[in-house]
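What follows is a short report on a single structure.
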Amino acid sequence: MYKYILRRLLQMIPVLLGSTFIIFAMVFALPGDPTAGMCGERPCAPAFVAKFRLEHNLDDPLPTQYAKYMVNVAQGDLGTNFRGIKVADELKTRYPTTAKLAGMAIIFETIIGVFAGVLAGIRKGRFVDNLVLVSTLFVIAIPIFVIGATLQYYLGVRWKIFPVTVSPEATFYELLLPAFVLGSGSIAYVARLTRTNLVENLRADYVRTAVAKGLTRRRAIGLHTLRNSLIPVVTFIGADFGGLLGGAIVTERIFNIQGVGGYTFSSLHNHDGVAVVGTVTVLVLVFLLANLLVDLLYGVLDPRITHD
Amino acid sequence: MTTSETMARASAKSSGHTYAPKDGLLLQVADLHVEFHTPDGIARAINGVNFDLYEGQTLAILGESGSGKSVTAQAIMGILDMPPAVIPHGQIRYCGEDLLTMDPEQRRRTRGPEISMVFQDALSSLNPVFPVGWQIAEMFRVHRGMNKSDALERAVKLMQRVQIPAAKERVKAYPHQFSGGMRQRIMIAMAIALDPAVLIADEPTTALDVTVQAQIMALLQELQEERQMGLILITHDLGVVADVADKIAVMYAGRIVERADVFDLYRKPAHPYTKGLLESIPRLDQKGQQLAAIGGLPPNLMRIPNGCAFNPRCKYAQDVCREDRPALLEVVPGRESACHFAEEVLNG
Amino acid sequence: MTEASTIAVGAETSAPSQGQDEARSLTSDAWRSLKRNPIFWVSVVLIVVFVLMAAWPSLFTNVDPNAAVLKEARQRPNGNAWFGRDIQGYDIYSRTIYGARASILVGVFASIVTVLIGGAMGVAAGYYGGWLDSVVSRITDIFFAIPLLLGGILLMATFPNTVDSPYLVVVGKVVLVLSLFGWPGLARLMRSSVLQVKPNDYVQAARALGASPWRIIRAHVLPNAVAPMIVVATINLGVFISVEATLSFLGIGLTPPAVSWGVAISDAIVALRTTPHILLFPSLFLSLTVLAFIMLGDAVRDAFDPKSR
């Protein structure tokens, strides 16, 4: 197991270097003015441009630029935004809210998604199954910001069931609706994936064995079949984590949440390139780590993986 | 069946059996029919099967794919997919109680402690994500309410009983970490865990190497003798059952077409289909001659021919075979055949 | 026996019933089941309508989408403006019809480009193997590590549109972004299906007969390995349209004066509390388009993979 973790960590390094290099190249090295849009609709003052180029080592050769940038990132220096506040400090105060939001969304995904998927799978072809299949398709097709704005309007503004916006404290109750919105698409995917896998696995020989062993239907499905069906679901949740982080930017904007996503949006809005790049780089790192975690979990869930 | 054996079974009852056989009669399958209702029509997989199984008896059910032998096993075990499967007629009596009309919960409790089953492909039949010991121990935990460590201890003993080397160390290993033969032993250990009265083995050796096949058959026979189980051995391979079975029932298109003691049947078949099967086995003394295969294909179960289902492939077939379905009748004492020309076949 | 109701019949019991039917090829079988699937027809009809809308919006409306009637702004649906008017007084029906073009263009072109890149990468990695596989697979991993929306935000934030960016540049940029971060999934899929096809006897036979790699790939590998990628690419087309709208919502995708559903929705959300009809119509059209492509992909997948039925 430790060997496996080590191998995975080593494999992650080139991916990490590669993806950060791409991010870096996109922002600083591609032809084009990296300060474009930073000063509103007008071109920036030459003094600002010169200062920016110096700060970001833009006159060095590309590999040196990248190395210097990475050294800074490794030291937790993500640059300074246009208000003169360190991006890393901004993120430090904001990440707990986003972590809470994303965590709740994943819990929703897992609980509601798996439950709906199981319900549909064991009643394949019946009303519940069709209901789940059709409703999830609609949830997937409607963009998250439409779902968010609509639910916010009806559940928050009109019927006053949930708070309309989230205070800086971001309490559990305030985050319920935003987390549900953030997780909605993934809930739908998880439900469909669980259903498909459950239906397929219910035909497996080992389920027949489970019944022949005299197990109850509840145990044969809830333990033997579901355990196997959830392996791909875990993989999906890991791969989908990136989508969740992107979605957080949208959700935090809609519900005015003071998290990392909201910060990304306001930085975008203010054309604050340094802040956007720093934040997104961190989000990509988090995504990579989440994927590693899921890979390890996968090894635990599916004994055929680690032991080969 | 001697009195002492009956006593043995009766005493077994105190060790966990809810039902006791009368005069050693464990299982009675009577006029069993199974149909599969598919979008393309009704496939009649079993069309009136009758047989009895006694304690200590080994009954082999022989047939090609689609003959209904596996469906029979699954119907007894109660693991048919219903729908599409439907059982329009018939009874499956276990110690006098009809399993088909039994309350589902009561029936569930018979699976494992009373009747149990070994499947063909142990790799896919064992759950890939649980250790083998856990899967064996589950029998004790679910049916006997044992705690985890006691149940695991029993699992180790069973693994030792089926001759798995280093059972203690391997109890936490997963199915994919065993060889095919070892996996089938684990399957068997799981099936005999609760000392069932009836064991059904559905093609237990088909997926294995020839040398391993013999070992597994020997193990099954040994366990059967040790525990005086009624053993139903489902196979398409005449060679596998020859040494083990007491009686053989040959199935074709969902019916038993011949039934006899194993040596009688091998020596002189009384049904053209059995005769064809025996002739299609390669023999050393026939070297250089052409192998006799049965011409034609097994019938489509949605359109079973009128009369005798075997008539389109039968060299004995006459008009009567295309009109009247022959019943399974005694030809000579202890031998039954469902053929209008059974005596000619037997003597010819 | 109810608890056994989910256990499948042993395969051998159903085999003989099919054995005598004439052999049908997978493709014609799939087409037969597709033709019977109402979902397939619903999605095809929807897609045809939306494509017509994108190509010839004047077939559906003769109202100029850029003709603002300010004094009628926020008007609810009426006989004159079927879907009502938006905040700036534009006719929502006309804007919605004209908005199809941007979404369809973005979706179709991003799909084509990702299929080309992903397909080429996947075939290269899967067919040639060895060091080429290692290199291509690592590159795929690297791009896969950057989530589509995050990558999109980065690139679009670095190269923002200005008011006078030409329409095709605006659309092209979005296509570029979606393609750049959308291909790795297809490459992985293609690689694994090529790996499945490659060991088959017909491929080995063609190799033994000395056919050139290019010919083997074109004649034997691609036709047998391309189906799963096409299915996913179809579904992705819907996803791309949705992501484009999200970028527009964040103010960095398509930007005015480009008429697009994403921009329209983004503008309408501000006014949701007073005039929900402004949000309803572009969202409805956008969702139906996404839905149509997802349903089409699902239907094709089901047809080719009878197991999932």
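The letters A, B and C name the chains in turn, as written, and every chain counts its residues from 1.
Definition applied: a contact is a pair of C-beta atoms (placed from the backbone, for glycine too) under 8 Å apart; a residue touches a chain by one contact, two chains touch by 3 or more.
Since the structure is predicted, the reported quantities are computational estimates derived from the model, not experimental observations.
Touching chain B and chain C together: A.
Two chain pairs, A-C and A-B, are weighed by contacting C-beta pairs, with A-C ahead. Between the Cα centres of chain A and chain B there is a gap of 53 Å. If you average the CA atoms of chain A and of chain C, the two centres end up 21 Å from each other. Listed for chain C are residues 2-4, 6-8, each touching two or more other chains. Multi-chain contact residues of chain A, defined as those touching 2 or more other chains: 208, 211, 216.
Taken residue by residue, chain B touches two or more other chains at 78-79, 108, whereas all remaining positions touch fewer.
Chain A makes touch with chain C in their complex at residues 14-16, 18-19, 22-23, 26-27, 30, 32, 34, 36-37, 41, 122, 137-138, 140-146, 149-150, 153, 157, 196, 199-200, 202-203, 207-208, 211, 216-217, 220-221, 242-243, 245-247, 249-250, 253-254, 264-265, 268-269, 271, 273, 276-277, 280, 283-284, 287-288, 291.
Remark: chain C residues 2-4, 6-8, 138-139, 141-143, 145-150, 153-155, 157-160, 162-163, 238, 242, 245-246, 249-252, 262, 265-266, 269, 272-273, 276, 279, 283, 286-288, 290-291, 294-295, 307-308 touch chain A in the complex.
Per the touch definition, chain A reaches chain B in the complex via residues 204-206, 208-216, 219, 224, 227-228, 231, 301-304, 307.
By the touch criterion stated above, chain B contacts chain A in their complex at residues 77-79, 108-113, 116-117, 119, 121, 124-131, 138-139, 142-143, 174, 176-177, 187, 190.
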